[in-house]
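Two complexes are shown next, each including subunit A; its partner changes from subunit B in the first to subunit C in the second.
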Partner chain A sequence: MSPVYIARVKEVAARSIGGEMMIMSARDSMLFSLNETATAIWQAADGVTPLAEIVRRRVCAQFEVDPATALRDAEELVEGLAKHGVLKLSNLPIEETP
Partner chain B sequence: MGCAIAQDVVIEIGAMPMLVRTSSPEFLHILRERYGGFVNSAAQPVFEFEVEIVRPGSIPDAIGDDEDLSVRFEAGRWVLQRGDFRAELDPALRHGRIWQSATPYAIDAAFRIVHSLLLATQGGLLVHAASVVRNGRAFLFAGVSGAGKTTISRLAPPDATLLTDEISYLRREADGYVAYGTPFAGELAQPGENVRAPLAALYLLAQGTENRIGPVAEADALREVLRCVLFFAHDSELVGHVFDSVCNLVQRVPVRRLTFVPDSRVWELIV
Partner chain C sequence: MSGLIQEMSDKAQRLGIPLAVQLDLTYRCNERCVHCYLDHDDRGEMTTAEIKELLEQMAEAGVFFLTLSGGEIMMRRDFFEIVEHARRLSFCVKLKTNAVMIHRSEADRLQALALDAVQISVYSHRAEVHDAITKLPGSLKRTIAAVRLLVERGVKVIFANVLMRENFADYPGVQALAAEVGAEYTIDPTITPMMDGDRSILNLNIERAQLQQVFRDASILGTSPEEFCVPPGGPPTADDAQNMLPCSAGHTFCYVSPYGDVYPCVQFPLPTGNVRASRFLDIWKHSPQMTEVRSITLSDLPVCSTCSHGGGSCTRCPGLAYMEGNMRGPSSQDCEKSFIRTGVETAGMLIRREARSIDGLVQIRSAAGPGSRAESLQNCL
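And then the complex of A and B:
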């Protein structure tokens, strides 16, 4: 299976408010609230670290969770965020655009 | 054959004076009546509008329904279109043209949009909220239509000064937020007083069986205030500014839930 790379889209506004990561899509003004594990994945979305590696390092290492379940949940999360245009997904590393 | 001479009036809302120039004496009269307390001929305008009065149905490139509003940025200009007006605004030149019929509704909508666009880059906001000054401090009562903005305004005691029962105007200043009076009225059909005061608290309105003030988590405050913010443009930079402004607001100003019965005793809680 090809690795999945994820990168934050620049056209979103994100702030940690009251312990929750709040993200607003500039495209449709939709507001997302991320829980702790989703926030860890969002913050690690650098475009060059595979999602499986992010889950291993940032989720499994910090939260008591089954690795296969964690990866499946993470894939669902990133696909959902990508549909709303707040995250980019690719099977290749994502180059940063100027 | 006569030639109409353009005349102008400066309307200052939220410390943002805007000059409106028109060759229609009838429309000028409407403006002076509608914005009476906000006319300030001595102010230096930060934006100028040329308003061309056209017959209803003759708006250039008009779109159908009055409720359909389109706001887009193209070729360095904002283009605002609704069934009853079209406006083209050049933010760099601080100049705009409006084609509309001789009613106050179109210019009122144009003002709200222009103020929201200009405020977005300055950390300010227009909010669906009533606001009132009491003891030198401003209080906002935010809520969607039907939440009780006009009701809480009607119940205000004589020592309170109404800033608006519909659209509140907030500017960010060095030491906090300041609320300004606006002429944008709701069901009260009464413009606010043209005064300003530092914002002391923002209440999210809820109607209930008793009067009480309750806490609101910061993240919930952000969600609910965002729902009440007037913003029309789908421009990623400006949307980011508005999001940041609301984040700053809920982190700097106490946000509480005000549950109230339609009874003037609720004002005993607002001090």
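And then the complex of A and C:
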């Protein structure tokens, strides 16, 4: 299975409020609230670290969770965020656009 | 307010986070609107570097919703540099502008900034009325041309229609124009006093019957007039009054002037500090004035806590009350609005009437000692 890379979309507003990330999509003004785990994934979405690696380092290492379950949940999360246009997904590293 | 925004706001309040800030970049303006509450001279605006530093401090403090306003924001040559910096810091940015300086290239740049919205002042669909208010010939034409450029690029545009006696009849026309160009529409039926306390512009306010008409126009309310104008449910219980806060000013919201002065709200000119002298978060957290504003609950408002509107239907603005002389008193403009909405007089109106009759009894007033009824009435007004 090819790796999944994730990158934050620049066209969003985001702020951590008490450990939870609030994200507002400029496309439709939809507001998202990410819990602590999802926030950790969002913050690590640099476009070059594979999702599995992010989950291993930022989720499994910090939260007591089964790695396979964590990866499955993370894939679901990033697909959902990508559908709403707040995260980019790719099977190749995502280069930052100026 | 959506459920999630309400949750976020509640959380910010619990944690003492200034979730939303309005930052006025300048008081200079290319229009001279008859109802404007600002002095348009530049009395030492913050520099580009100072504003960028302030934005960084605000991001660190947790500010999420950032409204950039003025004056006319595009009068600053560094306007785009500032907004671009704000967006790099991931603020949810809303602009308030008259849009007359937005042409194709500015519209392109604004589109690229992925703003939450651009709010644009439109007073009438008729140039002769709009331009007479802005005192800038050709302003409506230029504003609407800019609106079209922005909407074509997918930028969310909101018409802000301030209602005054001279443009009241035109609001359905502005609404129709908003629909035609693809903009959202909001009204503001309240003219506020000048920042220096001058209340002369209040005579531009629409008349009672006109406000009544607005409050019964379902196309504006977003709810049924019956629901909006429902009679008040009575004074709050003592427990409720202790927990009810006047509004978000100083709790999750504040205002910063072009000179770096921090206030609880744009409509609440109580100086709490200056970002040139102190860090933004220090002012927010530790200024005695901000702390005082935050400490006030409904139970601390001697008149409003006894008012039949106090149980939830009141829209009292503590800033307007402050400008009338007492931040713990009623705001006569809001009392008037509550009355017009529901037909039920507020406690503030009843006490004012009583005070007027006491005013005639000079001997009672001159004999009043500390703690007397006459003095406590004065404190409430």
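Just so it is clear, the second predicted complex is superposed on the first by the 96 of 98 C-alpha atoms of A that agree within 3 Å, B and C clash if a C-alpha of one lies under 4 Å from a C-alpha of the other, contacts with A are read in each partner's own complex, and residues count from 1 in each chain.
The definition used in the following text is that contacts are C-beta pairs under 8 Å (C-beta built on N, C-alpha and C of every residue); 3 or more make two chains touch, one makes a residue touch a chain.
Keep in mind the model is a prediction, meaning the values are calculated, not measured.
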Clash or fit, subunit B versus subunit C on superposed subunit A: clash
Partner chain in contact with A:Ser29 - subunit B first, subunit C second, else both or neither: both
Touching partner for A:Leu92 - first (subunit B), second (subunit C), both, neither: neither
Partner chain(s) touched by A:Ala61 [first = subunit B, second = subunit C, both, neither]: neither
Colliding stretch - subunit C into subunit B, listed as 42-50, 78-86, 168-176 or 276-284: 168-176
Doubly contacted residues of subunit A, that is, touched by subunit B and again by subunit C: 11-13, 15, 17-18, 20, 22, 24, 26, 29, 31, 33
In the complex with subunit B, residue positions of subunit A that touch it: 11-13, 15, 17-20, 22, 24, 26-29, 31, 33
Contact footprint of subunit A on subunit C as seen in their complex: 2, 4-5, 7-8, 11-12, 14-15, 17, 19, 59, 62-64, 90-93, 114-117, 156
Residues on subunit A engaged by subunit C in the complex (per definition of touch): 10-18, 20, 22, 24, 26, 29, 31-33
Subunit B to subunit A touching residues, read off their complex: 217-219, 222-223, 226, 231, 234-237, 239-240, 243-244, 247, 250-251
